[in-house]
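Below, each structure is written out as C-alpha cells.
Look at the two complexes coming up: subunit A is in both, with subunit B in one and subunit C in the other.
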Partner chain A sequence: MFFEQVLQQIINGLMLGSIYISVAVAFTLAIGILNFLNFTIPALYMFAGMVGWSLSHYGLPFGLSGPIKWWFALFIGINCAILASLLVERFTYRYFKMKHGDATEHAIPLVSSLGFLLIFEYLILIAHGSDTRGFSTPFTNLDWRVAGFIISIPQLISLILSILIVAALSYLLIRTKVGRALRAIAENPDAATLMGIDVDRIVPVVFILIGFLCGVSASIFAINYHEVSPYMGDHVGTKAIAAMVIGGLGSVWGAIAGGLIVGLSETLSIYFFGASSAQITVWSLLLLLVVFKPTGLFGHNAIGKGKF
Partner chain B sequence: MSGYLSGVLAILGINVIFAYSIYITAATGQLNLGGAGFQAIGAYACAILSNELGLPIYLTLIFSAILGGAISFLIAFPVLRTKGVYMVLATFAIAEIVAGIILNSDFLGGPTGMIVNNYIETEVVLVVAIIVVFLGFYIMSTRIGLAMRAVHDDEAVADLMGVNKRAIQVSAFTIGGSIAGLSGGLYALYFGFIEAQYFNANISIFVLLYVLIGGTQTAWGPLLGASFFTLIPEALRIGDDWRFFIFGVIIVAMMILRPEGIVTRDALDRVWSKLFSRKSNV
Partner chain C sequence: MSEFILKLSNISKSFGGVKVLENVSFDVEKGSRHALIGPNGAGKTTLFNVISGIHDPEKGTVYFKGKDLRGVPSRKRIHKGLSRSFQNIRLMPHLSVLENVMLGQHSRIDFVDMFKPLDFLSKSSGKGEAIETLKSFGIDLHKGQTVSSLPYGIRKKIEVVRALMAKPSLLLLDEPAAGLNTAETKKLRDFLKEVSRRGITLLLVDHDMPFVNSLCNQVSVMNFGQLIYDGPISELKNDRKVLEAYLGSENNLEGSNA
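And then the complex of A and B:
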C-alpha cells in the first residue's frame, strides 16, 4: 500500500512538473542565448492566462463581441503574451549593450524586466482585481485508471505536448538557419555581428519563443486546473527558476529534467513532511546546486560567467 | 505629529535602513535579492527575545542586528563562491528557505504570524535610520569604503592592487545582513505583528530596486531611492495598484535614460562645484 501511494505521488509529481517545463525552457532560453535573467516570464505566463480568461468571460473589449470560445480565447491569450514579450525586448534587451563603467551595469536588463513584471502584474490587477477566476473547459474529471493508479488525461497530454514543444525547439536550434544564428549569438554577440548576423533582427525570435512558451504553459494550466489568477505566475515562476538551475542554465533538455525533478521533490516532500515543506526542499536543492555545482545537471560552463 | 505623518515617516525610516543593508552589499558589486530573508531573521529574533525573555527594546534591536550579521557571515562563505546571476539566484533561494522554515516552525508561529509585546515610537525608528545613514556615509569614506568601490568598479584590478577582495566582500555582506536584521527588528517593534508572508520575494525585489534606481556609486543612492519610492506615492495619493504600475514604468524609463541610478559621482561633483566654488566659474 505504502509503495503504491508513493508511486501515485511520483506520477502526480511528474504531472505537476509538466507545467513547469515550458516556463523553465523559457527562462533557460533567455539566459542561455542572451545571458539575460528575464523576470518578466512569470508575468507573461499570468498575462496569457488572464487575457484568455477575460476573453472567454467578457468577450472582446469595448463590447465588440460576446464571450469567446475557450480554445480561441486561449489562442488569443498566447498571441498577446508574444506581443507583450516583444514589447519587453524593445525596452530591455536593446539597452543591454549600454556601458557606463559600472560593475552593476550587467543588471540593467534584469532590473528593467523586474519593472515590466510590476507593470504587467498590476495592469491585470487594476483591470480584473485579485480574485482567482474559474476557467471552464469541457474537460473535467477525465481520469485514466491504470492498475489502480490515477492519471489525469489532460495532464498526460500536457506532459507529452511540453516534451514535443521542447523537441521542436531543439530541432529549431540545431538544424535551422535561425537556430544557428541564435547559437552564434549565444557564443559571442560581437563575433556573430562580424559574421553577418543581424543581431537586432534575430534576437526578437527568442522573445517570440519565450512569449509562446509562457502562453502555452498558462493555457495548459488553465485547462488542467480550471482556474486562473493574477498571482498564478509567482508560484510557477519561482519553481521554473529552480527547475532551470537544476537542469543547468542554458540547457533546453536540462529544463525538462529540472521541471520533472522539481515537481517530484515538491509532491514527495508534501507527502512525507507536510504541505509547506516543499518550499524548503526545492530551494535548498537549488542553493546547494548553485553553490557547489552551478552548471546544474546538463549546463554549459560558460553561461552566466561572461558579462554577468 | 499626526498619526498619518508618523506612520509614513516610520515606514520611510525602515525602508531607508533596509536599503542601506542592500546597498552595502551592492557597493561591492554583489546583488543581494534575498533581503527579505535577512529582515525576517531580525524581525523574528526581536519578537522572540522580547516575548520570551522580556529583554528591553535596545537590547532586542542589538541582538537582531547581531543575529542578522552572524547568519549572513556564515552564509557569505558559500554564497560568495558564486557570481553575478548565480549570486542573485543563491540569495533569492536563501530568502525562500528562511520563509519556508518560519512557515514550518510552530515555535515561530508558522503561517499565523506572531504578536510582539514591545512597542517603539516613530522617533526611535527615525533616530536609528539617521544613525544608519551616517554609518553608511562613514563606511564609504574610510579605506574599507575605498576598497569596496574598487572591487565594485573592477574586481580583477582591485585584486591586483592588493585589495583583499574576499575579505571586503564577506565583510560587506555581513554588515549588510546585520543592518537588514536591524530593520527587521524595527519593523517588528513598530508594527507589533509579524508574519512570514510579509517577508516575500516582492519585498526583496523592491528594496534592490530602491538601491539600483538610487544609484550604487555613492552613499546618497539608497537614501534617495528609498525616500523617492516611499514618499512620491504618498504625495500623489494614488491607489496601491496604480502605485506599483507607475513604479514599474519609472524603473523601465530609468534603465533606458539613466541606468547608473539617480545619483552618480559625476553628478555629485558637478553639484558640489556649483555650490562651493562660484569664483572659479568667473
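And then the complex of A and C:
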C-alpha cells in the first residue's frame, strides 16, 4: 500500500514537472543566448493565465463581447504574454544595447526585468484583486486508471506537449538558420553582427519564444489545476529557476530533466514532510547539487555558450 | 587604365585627442593583392575598422566600387561585397567547422528565409556550398569537433573561408599570418594566392615581411597615422622614408625565407 502511494506521488510529481519544464526552458533561453536572467518570466506566465481567465469570465474589455470560449481565451492570453515579452525586450535588453553597446555586462536589465515583474503583477492585482479564480474547462475527472494508479489524461497530454515543444525548440536551434544565428549570438554577439547577422531583429525572436513558452505553461496549469491567481507566477518562477540550475544553465534538455526532478521532489516532500517543506527540499537539493556539480546535470563550463 | 575597387580619400580619425589617422588616401586596384604595413600603433587596424564600418571617420570618405560608404553600417557593407577577418580569431569556439563557415552566408540570407523549418534538407541550405568551398581549399570538416579544439593555422584558414562565404569582391585580412609558424605561413600564402586567383581583391595588414613580399604586389606604408609610401612592392626597399620609419632595420623588409 505504502509503495503504491509513493508511486502515485511520483506520477503526480512528473505531471507537476510538466508545468515547470516550459518556464525553465524560457529562463534557460534568456540566459543561454542573451546572458540575461529575465525575471519578468513569472509575470508573463501569470499574465497569460489571468488574461485567459478574464476573457473567459468577462469577455473582451469595454463590453465588446461576452465571455469567450476557454480555449480561445487562453490562445489570446498566450499572445498577450508574447506582446508583453516584446515590451520587456524593448525597455530592458534593447535599451541597454543602444545606450551602452552591451546589454548584459550590466545588472541593470536584470533589475529592470524585476521592475516589470512587479508592475505586471500589481496591474493585474488592481484589475482583478488578489483572489484565486476558478478556471473551468470541460476536462474534469478525466482520469485513466492503470493497475490501481490514477493518471489524469489532460496532465499526461500536457507532459507530452511540453516535451514536444522543447523538442521543437531544440530542432529550431540546431537545424534552422535562425537557430544557427541564435547560437552565434550566444557565443559572441559582436562577431555575429560582423558576420552580417541582424542581431537587433533576431534578439526579439528569443523574447517571442519566452512569451510563448510562458503562455503555454500557464495554459497547461489553468487546464489541469482549474485555477489561476495573480500570484501563480511566484510559485512557478522560483521552482523553474531551480529546475534550470539543476538541469544546467543554457541546456534546453537539461531544463526538462530539471523540471521533472523539481516536480518529483516537491510532491514527495509534501507527501512525507508536509506542504511547507517543498521549497526547502527543492532548494536544498539545488544547493547540494551545485556543490558537487556546479554546471548542473547537463550544463557546460562555458555557461550558456551555444550548447543546446 | 586600371580600375579601383576601394578609394580612401583624406581619412582622419582620432581617439580622445590622439590623432590615429591623418589624411590617409590611397586606392586599391581591383584584383590586386595589396598590403598595408607599418610599425605598431601606425593606425592600420583603425583604418580597417573605418573601412569595414566599425568606426566612422571624422573626416574623409571611403569609396567602395565608386560609391560613398558614409552611413552604411558594417552589416550592410558585407552585403555590398566587403568582408573581413580579424587579428584575433573570431570564430565561434563551440560550433563546428561547417557551422562556422555557414555563418558567413548569413549576410546573404533574408530574415524571413531563416525560419524555414525543413531548410536543412534543401539545396538552398548552403551546406553543400560550404562543404564544396572547404574541400576546394583542402580543409577537412573535422566532423564532431568544435573549432576551439583545432590548431591555430587551420582556424585562421577557416576564418578566411567564412569571410569568403559572404561572396566578397574585396577581402580585408587583419594580420592573417600572426602566430603562424613558417610552414603554416607558406600554406596560408598559397591559400590566399588561390583566393586571389578566384578574382577576389585582397587588402591585408601584416608584420611578416617575407610573407607580404611573397604574396602582395602593391603596398601602402603607414607611420604615426600618416601614409608614407604607396606603390608597387618591388620599389619599397628603395624608399628612404620607409627605411627611416623602420630605423635601418632593412632586414625587416627583405624576405629571405619566403
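One rule holds for everything that comes next: the second predicted complex is superposed on the first by the 289 of 308 C-alpha atoms of A that agree within 3 Å, B and C clash if a C-alpha of one lies under 4 Å from a C-alpha of the other, contacts with A are read in each partner's own complex, and residues count from 1 in each chain.
Here, a contact is a pair of C-beta atoms (placed from the backbone, for glycine too) under 8 Å apart; a residue touches a chain by one contact, two chains touch by 3 or more.
Computed from a predicted structure; not experimentally measured.
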When the two structures are overlaid on chain A, which partner does A:Val245 contact: first (subunit B), second (subunit C), both, or neither? first
What is the contact status of A:Tyr225 with respect to subunit B (first) and subunit C (second): first, second, both, or neither? neither
Identify the partner contact of A:Ala181: answer first if only subunit B is touched, second if only subunit C is, both if each is, neither if none is. second
Is A:Trp144 touching anything from subunit B or subunit C once the two structures are fitted on A? First, second, both or neither. neither
Looking only at contacts as defined up top, I'd like to know whether subunit B or subunit C touches more of subunit A. B
Once the structures are superposed on A, label A:Val291 by its partner contacts, choosing first (subunit B), second (subunit C), both or neither. first
First, second, both or neither for A:Ala191, with subunit B first and subunit C second: second
Return first, second, both or neither, reflecting whether A:Phe272 touches subunit B, subunit C, both chains, or no partner chain. neither
Between subunit B and subunit C, which residues of subunit A are contacted by each of them? 305
List of subunit C residues in touch with subunit A within their complex: 52, 54, 74-75, 78-79, 84, 86, 90, 92-95, 99, 102-104, 106-109, 111, 113-117, 119-120, 125, 162, 166
Interfacial residue positions of subunit B with respect to subunit A in the complex: 26, 29, 31, 78-79, 81-86, 88-90, 92-94, 96-97, 99-101, 103-104, 111, 151-155, 201, 205, 209, 212-213, 216-217, 241-242, 244-245, 247-252, 255-256, 259-260
Over in the complex, which subunit A residues touch subunit B? Could you list them? 31, 35, 37, 91-92, 95, 98, 100-112, 114-119, 121-123, 125-126, 234, 238, 241-242, 245, 249, 274, 276-277, 279-280, 283-284, 286-287, 290-291, 294, 304-305, 308
Within their complex, subunit A touches subunit C through residues 171-172, 175-178, 180-181, 183-184, 187-188, 191-198, 201-202, 302, 305-307
